[in-house]
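One structure follows; several queries about it will come next.
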């Protein structure tokens, strides 16, 4: 399939989703809300996918950037700099996390071992949560900040912005991967020493991917802030904002463009269903699902045998794989 | 002719989407020294990694002592008697020399004979015994290579595979290393050697194989290949009989 | 508001911090071992600790078994549980690298927390023995008995694990595999074997930490996550893959938090410990207690 | 990587998704057979314990109404039973909002009964505000709620002025003088709000706080705080924290031999789990509460008895939750409608007589405050101290640890 067809398909799918509010009443249908959340998770999953799938770095700090993006809106609104659905504010809510990602990313990513990156990003989320709790009047402390919920008019803008974010994140990830930069990132992922020998500035690309991921996560945070109107450190710096996207990515297939999309929609649906069908014990179910998925489907849905055979004609392996046993990572 | 110790046929290896080895085939007789030579990136190490079980071949046969062993894990291969001294030696640098050697005899087959094997290794490498309580990482490159070979011998291998044993060593040490290989061979250890130091590798080898970008370009007796004008031209250039 | 309190209070804070940090230490040693061989932060360690604490609680509740005596049940059961856990959950995916293992650990945490919440109710539980709120007076200082016991357990556990790693062949194999897994398989060490051994010991240590938790705290199913995080910090401070370092990292963290919450408030104490964690990760990733010459691992 | 075929697949996938969504969305309006009341409660997560008491009280209140055949809804001209739909909010604000979305859009509930605690009810109320569904609220601090100027919710919770006085009135009634109070408030929304009220109360009653600081949630060691109280010679403690944290705190007080004359716990000391965890050490400890079965209100005693029969313990909270449901059900009957606006207008400024919390009167702004209760643990029983009505219990001063 040619690039033009691909772009055409993307436009078609986007148009289909854009048409959903024509069929469903956005104020009455739960599915509009469901898709709004699913789109947010697609964007978050792509953000994580970009970092993990293409550079082989496990970030456990998506919630740090998500929460920071939300607080940019909340604080900006409180100080009357940013308004409701303010484009400038939303760009800021992506940029500030991206800047933080660069500042934190340079020292953390310059270490050869990826583990420090995972630990450091997890710590970053916790630090931000605590700092915002201790932030006094500016951050509202542990009570968080409340925005004037009377600004809400309709679910539609949320739906379309979330759709835009999902498409944006997917397109950005796709473009980055297809570009020469993408090849550099893959080289980094597959063999760091070889990439270094070939004169690729590893750090620059890793930090770039990390910052772009943070930008997208921050945008998602700002949208969620506009939706909830109550920005609370415990919620917005909650680990779930990192763990769910990771799970979605892995379930869908890390390091592929469609994986996170499928994973996000599928899991959001599963979690919803389990809550309806198993109200008392659904968190057990979620935990079990994670474990079972990883054991029996570690490469994700997009790399399922039948899926691949049907569409590609042969089986491939997950890109971040077997490193431990071939010793390449050491 | 009796069955060779190791017979490899039609071996294909992939790294992800990229094929690294194409239809490699050769055999190593018991008690022989077999060399695989070729330039950087020709796939020499990959052959050893596939034989040691670190890399799973996509297709092909590996027969060792008459039975098929391809696809088995590295830990199983050691127990069967194939031992690899990896490129860069792969010592446990934070462990002592003695601990490294002890772990060399980790397999079920080698463990009961550990004390006896250790005596043998100490005899081969007197320097090891003198420094047995030192951290392996703190030794010089040459000494580390001795420990690495010693550790591999601790598993009582029937086939010892050496990946670039001379890499990064001073010329004098390189000479010692090859002397050791010769000694080992005299003590009936079959050796599969991968080397960039082509002159030395061919001189010591009974038979050898030349690899180029993952494909076999030539096989033959060591001295024949050494005399081959193409080899001379391609790999030794102006060095002639250097080192 | 800042003032310098009398020296005896400063010493008391120090001792409290050391005793308290030992709890982090026990958890961190387990994390350190698992991290060494499998290269993952076993995020479910906290949930394991709470599970063991429930074990202690139920043994006490139904059989009136003294919590410290219950070590003879809890520790072996935890070790076996750890071995089994590896075989059932991790063995299949260990080959595929650390992504899946990390996720399974996370899924396990969610599963355990909620399973305990459904089975044992989310109500907080605590063991009430004659010594659970008992303080020993010595040299004008007050020392919590249960925390002293936790400290002693931590010291014994560290010594035990160190000896195991230094003296036994399988222990040496664990050290070797932590350092260089490829070389380890080349000498015939089966990765699954060392992985399950480290899991056994790691969860066994979680069992010990669970006993210490049950005697010291009132706990509920969600109590453990902070432990996982703090143990992770202790691990980073002490240097990954070092057993003694993990304990020292835990103690250092405990002391840091104790002084922090005395001179500032509890919330800032946490900020300080996380900040220390980030700084160490960024600028001294080999940890504070590892000489830099030892840290040049491949 | 070959993405092309996958993108075809994803197109198909999306198409199916979109079609199935369209198919599901049309639910035909059926004849009303029951009144659907939705609530979001923390069936899992950190707040699960308190939320379960709330769920129990709601369910009992609903069952009690249904026993009588339900509520007569004038607009529909018949008596309808109530169906209570509980959705788990997992103790998380974002999930609470999602739960309300689901209740409104998927379960199509008529009205919403409150969830538990300020950080969860606020996002939930924001959501019900969006869809103009009436949210009958409780357990959100009234000043915080009032600050939001919600149009579609009301609030029934502790009256802040009486709350800020209660502790000091009790302390003043003690036979011994307690002069150096320390205040440790959990660093959460509720902790901050209640802390502010107690601070105001201290000023009004002429108490100077010897120590006043926020308390980190889930910290594992309090010895430093205790030493700080010791260094500041505190002789009374007001503390707001979770049961687990408070138990650990008191244990550490005992270990370090730090005694005070008065120990007043909020939230953390009122459950029977606290008593079970502390044993004899729970003696003398004070607690707050929303309600008591000793209150002279209709049904209070029976409610307490039902609870004790089922769980073999007492509760000082269920009455408030039971009454919250009672008020809503009365309001529906009075409005004669399930319409959110009509029911809300009935509650705002309305007076509801004969609940287990007595007669409840909502102000024109939509809030009704109830007096906070204060109790003291004595021999495993919660002795009611405050409000002072009908209470014969004389609050006892806590002796030092070595003298008990």
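When the chains are written out, they are named A, B, C and D in that same order, and each has its own residue count from 1.
Everything that follows uses one rule, which is that a contact is a pair of C-beta atoms (placed from the backbone, for glycine too) under 8 Å apart; a residue touches a chain by one contact, two chains touch by 3 or more.
None of these values were measured; they are calculated from a predicted model.
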item: Touching subunit A and also subunit B, the following chains; value: C
item: Farthest chain relative to subunit B (centres taken as mean CA coordinates); value: D
item: Distance from subunit D to subunit B - Cα centre to Cα centre, in angstrom; value: 72
item: Centre distance in Å when subunit C and subunit D are each reduced to the mean of their C-alpha atoms; value: 35
item: Centroid distance [mean C-alpha coordinates] between subunit C and subunit A, Å; value: 31
item: Contacts with two or more other chains, residues of subunit C listed in rising order; value: 114, 117, 180, 182, 185, 191, 267, 270, 298
item: Multi-chain contact sites of subunit A, meaning residues that touch two or more partners; value: 133, 280, 283, 325-327
item: Residue list for subunit B, restricted to those that touch at least two other chains; value: 54
item: Footprint of subunit C on subunit B - complex, ascending; value: 52-54, 73-75, 78-79, 83-84, 86, 90-95, 99-100, 102-104, 106-107, 110, 137, 151-152, 154-155
item: Subunit B-touching residues of subunit C, taken from the complex the two chains share; value: 169, 172-173, 175-176, 179-180, 182-191, 294, 296-298
item: Partner subunit C, residues of subunit D touching it in the complex; value: 44-46, 48-49, 52, 187, 213-216, 218-225, 227-228, 230-231, 242-245, 247-248, 250-252, 254-257, 271, 273, 276-279, 281
item: List of subunit D residues in touch with subunit A within their complex; value: 1-11, 13-15, 17-18, 21-22, 24-25, 43-44, 86-88, 90, 92-94, 97-98, 101-102, 105-106, 118-119, 122-123, 126, 129-131, 144, 147-150, 187-189, 191-193, 214
item: Residues of subunit A that touch subunit D when the two form their complex; value: 1, 5-6, 9-10, 12-13, 16-17, 19-20, 23-25, 27-31, 33, 35, 37, 133, 141-144, 146, 149-150, 152, 155, 174, 177, 224, 227-230, 232, 234-235, 238, 240, 255-258, 261-262, 265, 272, 275-276, 279-280, 282-283, 302, 307, 311-312
